[in-house]
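In this document, chain identifiers A, B, C and D correspond to the written order of the chains, with residue numbering beginning at 1 in each.
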Amino acid sequence: MAMQFLSDNAAAVHPAIWRAMQAADAPDAPYDNDALSAGLDAAFADLFGRDCAVLWVATGTAANCLALATLVPPHGGVVCHREAHIETDECGAPGFYTHGAKLLLADGEGAKLDPAGVAAVLDAIRGDIHQVQAHALSVTQASEYGRCYTPAEMAALAGFAQERGLRLHVDGARFGNAVAHLGCTAWEACAGADVLSFGCVKNGGLGAEALVFFDPALADLARVRRKRAGHLQSKGRFLAAQILAMLEGGLWLENARAANAAAREIAAAAGERLLHPVEANEIFLKVAAPEREALRAQGFSFYDWGPDAARLVTAWNSDPAHVATLARAIRAL
Amino acid sequence: MAMQFLSDNAAAVHPAIWRAMQAADAPDAPYDNDALSAGLDAAFADLFGRDCAVLWVATGTAANCLALATLVPPHGGVVCHREAHIETDECGAPGFYTHGAKLLLADGEGAKLDPAGVAAVLDAIRGDIHQVQAHALSVTQASEYGRCYTPAEMAALAGFAQERGLRLHVDGARFGNAVAHLGCTAWEACAGADVLSFGCVKNGGLGAEALVFFDPALADLARVRRKRAGHLQSKGRFLAAQILAMLEGGLWLENARAANAAAREIAAAAGERLLHPVEANEIFLKVAAPEREALRAQGFSFYDWGPDAARLVTAWNSDPAHVATLARAIRAL
Amino acid sequence: MAMQFLSDNAAAVHPAIWRAMQAADAPDAPYDNDALSAGLDAAFADLFGRDCAVLWVATGTAANCLALATLVPPHGGVVCHREAHIETDECGAPGFYTHGAKLLLADGEGAKLDPAGVAAVLDAIRGDIHQVQAHALSVTQASEYGRCYTPAEMAALAGFAQERGLRLHVDGARFGNAVAHLGCTAWEACAGADVLSFGCVKNGGLGAEALVFFDPALADLARVRRKRAGHLQSKGRFLAAQILAMLEGGLWLENARAANAAAREIAAAAGERLLHPVEANEIFLKVAAPEREALRAQGFSFYDWGPDAARLVTAWNSDPAHVATLARAIRAL
Amino acid sequence: MAMQFLSDNAAAVHPAIWRAMQAADAPDAPYDNDALSAGLDAAFADLFGRDCAVLWVATGTAANCLALATLVPPHGGVVCHREAHIETDECGAPGFYTHGAKLLLADGEGAKLDPAGVAAVLDAIRGDIHQVQAHALSVTQASEYGRCYTPAEMAALAGFAQERGLRLHVDGARFGNAVAHLGCTAWEACAGADVLSFGCVKNGGLGAEALVFFDPALADLARVRRKRAGHLQSKGRFLAAQILAMLEGGLWLENARAANAAAREIAAAAGERLLHPVEANEIFLKVAAPEREALRAQGFSFYDWGPDAARLVTAWNSDPAHVATLARAIRAL
């Protein structure tokens, strides 16, 4: 049987999530009119220390795209990193949800952006009617290469976005891993955002992500668009239950810390092979094809990342024995 | 505590569904690359006695709208009943998914259509470039008033659709209730359809519907559009598990029969008050406001249906005691 | 050679329009940065006695749909008459421009609406998230049957729209014919509108309509969407020239009066055959198929209007001899 | 008065175009049912030596975007140059017309593409459902920097596109200038294309471009979408007349040759200042800000092109005296 480092999407559902879902299996109002859904705003307000309006959705793509659709008109643009998930892995979903708004691609090390990188995109746009104007900025915390924005970096970006009149979206598919790494508050890790996609599925959830609006006025539009996109599940209480269980007692952070620790253990073994500093739960390794073959022969599953590299991902429940075995195997390459 | 006849959406999840989901909580490939998802085509081919290509999605709205988007171009139209769910209760989702195709509204008793009703719509359309041309027909089995198309009625509609060059979609949010009532095969209840939204959520599921393509060539397009709509869940195995459990041993029919039987018991008590023959699991009653108040005072929950009527819905787990009490209460009005 | 009563679209271009276009054939800035385009706002402000922001577009469909797209979000609805041009003759263009917003169809005599007819549509919409909510009202002045809204009727509709929170669009493809009939000011004929499609093409123009925003803040959005729809012509000065020439010296009213007078002459001959009072430049006649054949044999061209009727349209340059001959021919049927 | 080298969009309308338009001012059927519109297919079949289906539209943006919308589904992608007009100067119109399809940006010298540049984009796309797949290739003849594809280059691209399963669109806003430069046949300049935007407005037209389908089956879809986009003008005969006049006697080539000759005269004076070889009617010059100021002080109008360059465009009617004066002025800088 494979030792699984393919994806945190493939990991098991946390027992507390199962318990919460089963506890939700009592009659209540359909859609998001149930008591659990009604409790989301308060739960996130506690977490972030400010007013929130929160919607559940089934996937990160839906969360990201509903967020963008509330921030950007069809004729507008969203600045994001060239390797952002919304650009590379959502099959054009942002174009669908925004009715054709444009992703304006910026560069930055480790799939992270900074004000200079964003400015390079913005400053190349003429302010006339022939060019698509930027309306929002979207960044990923932790980034597609598992890199985290420090509170200072996030504040700089948020300040810059505000200065340039851009709304700010944070894709937090691995937000827990970022906060676990940074050791800051949840708010500090996304301070200044208008809306955050707060990931649960990669962190021990089953099928629920939280879309957190720090500007609650935006949430009403997102609610209509969620319904219109077929994402208003009639038994929504089961999604709310997952999210609340994730927040309960800090499970989201606990799970993320476990995944990060496993990643650090592997990283420590990888030395010079690391293509990116390991800050969250992803490890990008320089490994030649025969080396990858050797690892797979030992039972490890993972993705190739181009011709000479591999991506390994740990999860909340990565087996310590598997992790240790993998670390040894990498050292032994 | 309320005796619940509000919606089958509010009903509990069947224990077999829970068991199947938990059994699915083992490592497997993400998205729909897992073994359970791979088994859907064969399971439905068995049920319908013909090749099928099957996708899971979270909601009936997503199923319906992905179906329509595969059948109709943005500049086309879909004939449906004036009271069809896609027209009245999906917040314009068909317009979103089809990029603006038009619903062309037909009339028919009990929210059912027949060839004459569809022809009345088609024949009023000039075949020129200034008018939207119909590309598909969508019917609901059982209808929004709980009415079922007999195999003969369905065959007549399907033949007519083919004659007029229309693709055929069947919204089967309550398909099980229809088949349970009709006593025909699953295929006879939708014979001629290109695609069927096969409902599970109202029938004891948690959050999975099956989109069944009888023209498998259409499914590939739907797969891309599902991803693009944010409906390709990364832990899709949990949706596949629900659907397979629903088919296993005929659970879908068993649950539907239970719901229908409860509805019949109430209908038998309602006599002249019935606004529509009760064939599936919905009862539409003529009841004045004070009578509704009286029923609610006794602990029954249900929806008003205009000023002088009510809709009551039974479910797979409607409590026999509640049903009997309700029947008595209606008789006593 | 045919005596043409088919469409005012088929009529010739007025000599003053030709002269204005040729006078515009001097170097100037491209798109709408030329002096003529810059003069539109002031010209319409004079005509309507209030601030206007005015854009040229090539067609009435583009004008109507850009107007609607500024008033209604993709998830919203527009109430209009069941026989409104935007519903029946624009090939779904409103769905394209608004990204899937819904036309909500109301009834009313002569293709005209009144508050009660609009209220019947609005009051049937539940205010919940499952139904499309109305955001705007669109009426046609003169209507698709050549009927005009009196200033009092228009004021009642505008007041009602405001009361219900609806923005108001007036499709004025034949606005000149309406004002010519009503004998009121231009503003009285559309008072309360947020935006007016001011038609020129049917009234002696070549290929330019004016989109007049009485709420100038809306115009900026329309400008971007016009470009995005490929309607920002690079030699826009030729469209501006047409529109300005149409306003110059009241040519629009003069042309409309000529067309209306010709229609009245025909109407006077039609007596009991008239299906609608003739107020603008369209005549709807009850004429059996053999009678239509007889008219065509005499050289008249016109459209059938269902099995037993015909539509005849006069234009600014309807030949008085043709009109008189037609009147005699109708009397002689 | 300025000596105008700002844009060929600002140039005058050719007298033959005016004559053709005025000759078209006789009663005929509306929309594209007139005799002139009906003649377009044959006229272009003559020019290209093969079957064509041809539609008129008012603008190059509409032509390009209708073309793309027939070639690419909403979930697909179009490979084009990073500096293609569809990417940089159409305000996101391709996203609007295609319902959110993605432009996939390739690199190449002089805003031209070659198979290697396109392959670099294609080969970076995983063939899975998470990434947008390319469905078409769009190239510009002459390119945005006035560079032309030789018949051999065009054939290589077309062969490559076919090999990779991509449909081919050619943006020929300045197609005449390209053919005039290349001295090849019209077909050789776009051989292998499925559809060509054949520009007239920059070449002495008023407001008509031809959309030429070499795969006539595609044209029917484009016809519906043209109507749906509000681009089916009711007096379409005036657009057809312009295009036919442009082809008549080779006016399109004659005009393009005149513009190209003027550009060559200026280029000859520019020497080392030329940023791109001058093949069509655009000249990109390295000129510092004070030099540009000096030129403007002498009465020349043109666009800045970044901080140290200028773009000058000649037209069919560039005044020989102005051209000579400009050449001298550049030499004297």
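We adopt the following convention: a contact is a pair of C-beta atoms (placed from the backbone, for glycine too) under 8 Å apart; a residue touches a chain by one contact, two chains touch by 3 or more.
The structure presented is a predicted model; accordingly, all values stated were derived computationally and were not measured.
Of all chains, the one whose Cα centroid sits at the greatest distance from that of chain B is D.
Mean C-alpha positions place chain C and chain D at a centre distance of 34 Å.
Put simply, the C-alpha centre of chain B and that of chain C have 42 angstrom between them. If each chain is reduced to the centroid of its CA atoms, chain A and chain C end up 50 Å from each other.
The residues of chain D that reach two or more other chains are 31, 74-75, 90-92, 96, 99, 129-130, 224, 227-228, 232, listed in rising order. If you draw each protein chain as a dot and join the dots that touch, every dot ends up joined to every other dot.
The residues of chain C lying in touch with chain A in their complex are 31, 73-75, 99, 129-130, 221, 223-225, 227-228, 232. Those residues of chain A that touch chain B in the complex are listed here as 2, 4, 6-7, 9-13, 18, 21-22, 25-31, 57-63, 65-66, 90-93, 96-97, 201-202, 206-207, 224, 227-235, 238-239. Residues 74-75, 77, 88-92, 95-96, 98-102, 129-132 of chain C are the ones touching chain B in the complex.
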